[in-house]
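Presented sequentially are two complexes of chain A, the first with chain B as partner and the second with chain C.
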Partner chain A sequence: MRYVAQRFAAGCGVLLVVSFLVFWLGTLIPGDLSTVLVGSEGATQQQYRELRHRLGLDQPIVVQYAHWLGAALRGNLGKSPITGLYATAEIARRAPITLELALLALAESIVLGVFLGVFTAVRAHSLADVTVRAILFVMFAIPPFVAGVLLVLAGALFLKPLYQVGYVPLAQSVGLNLRSMLLPSVSIAVPLAAMTAQMTRTSLLETLGQPYIVTAMAKGAPRRHVIYRHALKNALAPIITLQGYVFGSLVGGLIVTEQVFNLDGLASGLLAAIGRRDYSFVVTGTLVIAATYILANLLVDVLYPIVDPTQRV
Partner chain B sequence: MTATAAATFTGGGRGRVRLGRLLGHAEGRFAVALLVAIVLLGLVAPRVLPYGPTQINARDALQAPSRAHWFGTDELGRDQLSRVAAAAPIALYSATSSVAVALAVGTTIGLTAGYAGGPSDLALSGVVEVMFSMPALLLALLVVGVLGPGLNNALMAVAIVYVPRFARIARGATLSVRQREFIEAARATGCSAARIVVEHVLPNILPSMIVQTALSLSTAEIAQASLSFLGLGVQPPYADWGNMLAASRAFVTVAPWLVIFPSVALVLLIIAFNMLGDALRDVLDPRLRSAVLPRLRGAGLPGGA
Partner chain C sequence: MSRGFAHRWGTRVAALLGSVILAASAGLIVVPSAVMRPALAAGMAGGQVTVAEPTPPDTFDPIAHSDFNNWLVWQLAYETLVVVQPDGKVAPMLAISWKVSPDGLTYAFTLRQGVKFHNGSPLTADDVVFTFERLMAKGIPYAKARFPNVAAVTALDPGTVQIRMKKPDSSFLNNLGDPFAVAGAILSRQAAQATDPATKMIGTGPFRMVSYVPGTELTLERNPDYWQPGVPRADRLVIRYIPEAQTAVAALLSGSVGLAYPTPVTVVALKRVTGLRVVTVASSSTYQINMGSVRPPLDNVNVRRAIASSIDRSQLVKLALLGEGAPTGPFPPGHPWAVPLSQQPYYQRDVAKAKQLLTQAGYAGGVDLTFMWPTLGDTWARIAQVLQSQLAESGIRLKLQQLETNVWLDRLVKANYDLTMTNAPYFSDPSLYIVPRAGRQGPTPAELQTLLDRATQASFAQLPGIYRQIQLTEANLVYPFTGVVVENKWVAYLPSQVEGVSYDFTGSRRFYFSVRRPAR
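Moving on to the complex of A and B:
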């Protein structure tokens, strides 16, 4: 429990530093709020300076950050001066799409990855193993946006019911929602599944060579039972650690996939905000994603000792 | 302008032996052959193809692959083979130079932090850890947001994002080298710190750095192509496999060839980089485990592309 608390505190610390970094980068984006609001023409230097003063943009960055942080901690993430929308409302609208996409992709990559990993490990060095691993090697080299565009093509040619399905909220219809999310999530899951499969194979093969597996086999335990109960359970630790790395790729995948499939999620919002220099949303959007990422990594750290008792402190 | 890593091998006698070993490695041979083919495509195609990569010919718009246009034409009638070929040097350049910048900066930071220790180590490692805690493409996106779109800015963004992984590995390797007797001997004979770092520490951490360089090439290329796909990297009319895919997305049902050829080219390059990384690891640093998989403990990869 103390370990969890320590990790959580460290995560909060990192998030605080990251928030400052993002805030600082946000102020570096050319053109601040005042230039956007006043426009480049028609305003006198005097008006420009007054507006900057009113918005607090003439204060040192640390002071600006402190103001922003104070408001953010009270749940006020500001309002976009360009779209007039509250950042919290925007995030509340967009986050469910991104979160669902991420969770689906993660689930698909773990299920497919572990399945293929076990499949290849128990058939190590057979033709099936070599073939599947060659496929995995190619899968690993397919970036999510390439997978996405190719899946759109495949959908148009062979999977008509999945082609160009507009996003349907989960609350409206579970079936239609899954139909609209299947291709996007698969496009992210392709390289991730390949990674998970390779790691599962390596880890499982290592475990299958252990003496206790030989013992279990020798006492006549069913093969399936030995593989799943004895071996896979003990091979899980590195697979779970890998998921921490997977989150990073997952976020990258979300950013491009939302574009490919025109999903109006967090990443799309972030990209649009960068385009229109709406840095209040850039900062909040980035922070929400970064916070989720740090939290997810924290979860892996916490989960790790549960799966691998030798790691308990 | 092949891989920077490969360039390191062509100098000196020991280098030649290593290049030989790389070519003796099945995957290495395949990777080098594939990279040479991609370089040749970029070099030869502009000289032999009758169409320029940005040459518009509206009358021939959206033609399927044919004798005249092997890879078909896009919505502006531009020859797709010329464009795919023209994008090859851009892809090689952006991947290798972003990794090269990250390698140079990261190694310097890691060497300094690892050798000096104390407060400078704490400060540098702190910065590195914070950068690590951001997903790579998200950070790159933010940096491009600050710098503005374009090939060189996207390249710098990816370089900045990749600095921490090189710094972390260089620091770790330096820490372990610093304990060795020959460093102590060098210090005892009165070598300056700068000389010890450059002449004694650097050559010993170099194999790990080269392996990491090769492993980073593929993810750096994915990041670059992703930024171009998002409209933040290479700008039209210049061709990049990423922005070609973004542009042809709208024509996916009427002109599937526009999607397929750039995809295949990009995936082949990434496969070549992955195999090069695997082969270099086997040749230079057999103790390290799979390249395709990040080394999970210690000097692992941060959030990938």
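Moving on to the complex of A and C:
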């Protein structure tokens, strides 16, 4: 418990540093909010000065950050001067889309990956093993945007019942929601499943060679009992670590998939916000992603001792 | 390990997985069709029309954006005092008539009676006063620059507005009547003070806003109080924002939208699809080459002339626009005031003359320049590549540089570049096709400034002659920019879902007022 509290405090520190870094890096990029508002039609120097003053962009970065932090601690994470939308409301709307997509893709990749991993491990070096692994290599090599575009077109032409352009909230219709999420999640899950399968196979093979497996076999324990109870359970640790890492990177890294499938998630929102130099959204969005990362890793560390008793303190 | 055992297990898992997938997909397929496509209820004569647009609006505030793509929704819900029609004539809209004093300094507009805003409040002269007060206080520079000479707006009585000018302005009515409702959209004082216009459109237009999921979907419905009976024809208009071109094609092919705007690349395949109609228009979307005339060697007019003389516009159309477009000057070719390219100096490709001009300027060995452009689509990159090879023949070596759009903007508006390209949409105020933009290039040459001042003060009848002189002078100075090509645009639609489509060269979406779902 104390360990979790420590990790939590450290996480808050990380978030503070992340928020300042994003804030500061944003000012280093040429072209700020005033550039976006003026657009390609230009303005006089005088008009620029007035606009920058009105937006508070003429203040030193530390002062701007202090203003933001002060408001943020009171729960106001800012409002875009262009869209008039509050960062928190926008993120609350977009985060569930990304989260659902990431969780679905993760679940699909774990089910498929662990199954294929076990399948190939128990048949190590047989023809089936070699064939499946060759397929896994191809799966791993397909970039999500290629798989995405192909699935979009295939979906529109041949899989109409399985396909819905754009996101439908779960609360509105479960069926339509799954239709809008199925193809995108599959396009991400394919390479992930290949990765998980390889990891499962390697880890399981290693465990299957352990003396206690031989002992279990020798005493006549049922084979599937040996594979799933004794071997797979002990082989799980590295697989779980991998999932924690994958999930963290998924939440921030779905930009291509969201774009291709026209899903209005966190990642595509961040891209649009960077495009209009809307830093209240960019900072808040980055914080949400960083927090997810921290939480996912914390969860993995908490799960670790449960699957691997040698890690218990 | 006996293989048989593991195999049996494998099959069991596979069978389980298979049945889960089957069950799931069965669940997915059995979706009530009523959820998918709202049936046309009785009395909904025009039905629902769903269209795909590539670019979502960042703001609904008509004084807060300078990009054409953001304007497209404003014209659906907002209206202006007058409106410029595609033929260039100024027609009544919220004002039924207007009087101009002989000195051109006072305009009196009589407002249409019985007009209501979407929140139910009536249109009064005070709302017009508020609109202009708000524009001057909060408008972005671009919006304010549409009305540089307005001195005061006053309500003479609830039905009459007077606008006084600082000096006569031949472009005033054309800006007031921008069909895209830029800057001049009449807002309700009451509504704009209660609701942020950036997030909700409350105007007097044919459609009123129901909901907006930012970046995703805008739902509009017929304004039952609209002053013109029978407009709009559709009961409901849903605009889905699909930036990815292939995804928009997929949405159209699957029937989840009835109308979309193809790109030069996706249109090739769409033209072959049966059951789909594709309309091509010669648009006003003009690409212009800008030269950073503040810094050497581009401050030398002969270097700029050499560049202009190296451009082969027909080849650009063929290679960069895939044949879908036309050569152009600053005015789109169909514009009544456009000077034919054959009459404009330095508009014909002449490599020998370009080399000679470079030698005259002291650059016999050629020049090295950087050509930058924003990340706004493939067409920009293709034009850049073709230009690079064309200019190379005259000894002008281009380094190509594609930039993130705001980084590009930052350099553009500070004139911090050698060569770049801009894209101009349709303008209801013809002067916008030719006036230099603040900060984008070096100082305006005196002879051009004289002509520009004359144009502002002139009567509308004198304008074509002056604009002709301005075009010739600008072509001779290769300043502030030189028009190169104008691109075709397309709208593709399913006749089974949409009827009444009429797309024109302005790129206006006002035809959404006449679309409807066909009766079965």
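Odds and ends about this structure:
Everything that follows uses one rule, which is that the second predicted complex is superposed on the first by the 267 of 313 C-alpha atoms of A that agree within 3 Å, B and C clash if a C-alpha of one lies under 4 Å from a C-alpha of the other, contacts with A are read in each partner's own complex, and residues count from 1 in each chain.
Rule of thumb we're sticking to: a residue touches a chain if its C-beta (ideal position, glycine included) is under 8 Å from a C-beta of that chain, and two chains touch if they have at least 3 such contacts.
Fair warning: this is a prediction, and the values are worked out from it, not measured in the lab.
In the superposed pair of complexes, A:182 makes contact with chain C only, with no contact to chain B. Within the superposed three-chain model, A:243 lies out of touch with both chain B and chain C [touch as defined at top].
Applying the stated contact rule after C-alpha superposition, one finds that A:259 touches each of chain B and chain C. When the shared chain is aligned, chain B and chain C each come close enough to touch A:29.
In the superposition on chain A, no contact is made by A:284 with either chain B or chain C.
Shared-chain residue A:120: touches no atom of chain B or chain C. In the superposition on chain A, A:14 makes contact with chain B only, while chain C stays out of contact range.
Legend: residue contacts after superposition of the two complexes on their common chain; A:47 is shown touching chain C, with no touch to chain B. In the superposition on chain A, contact of A:109 is made with neither chain B nor chain C. Common to the chain B and chain C contact sets on chain A are residues 29-30, 149, 152-153, 156-157, 259-260.
Across the complex, chain A is touched by residues 1-3, 5-6, 9-10, 13-14, 17, 24-25, 27-31, 35-36, 58-59, 61, 64-67, 140-142, 145, 196-199, 213-217, 240, 242-244, 246-247, 249-251, 253-254, 256-257, 404-413, 422, 437-440 of chain C.
Only residues 29-32, 35-45, 47, 51, 82-85, 90, 93, 111, 115, 118-119, 122-123, 126, 149, 152-153, 155-157, 160-167, 173, 175-176, 178-179, 182, 217, 223-224, 227, 259-262, 264, 268-269, 272, 275-277 of chain A touch chain C when the two sit together in their complex. Chain B meets chain A in the complex at residues 129-130, 133-138, 141-146, 148, 218, 222-223, 225-226, 229-230, 242, 245-246, 248-249, 252-253, 256, 259-260, 263, 266-267, 270-271, 274, 289-290, 292-294, 296-297, 300-305. Interface residues of chain A, counted against chain B in their complex, comprise 14, 17-18, 21-22, 25, 28-30, 137-138, 140-146, 149-150, 152-153, 156-157, 194-195, 198-199, 202, 238, 241-242, 245, 247-252, 255-256, 259-260, 270-271, 274, 282, 286, 289-290, 293-294, 297.
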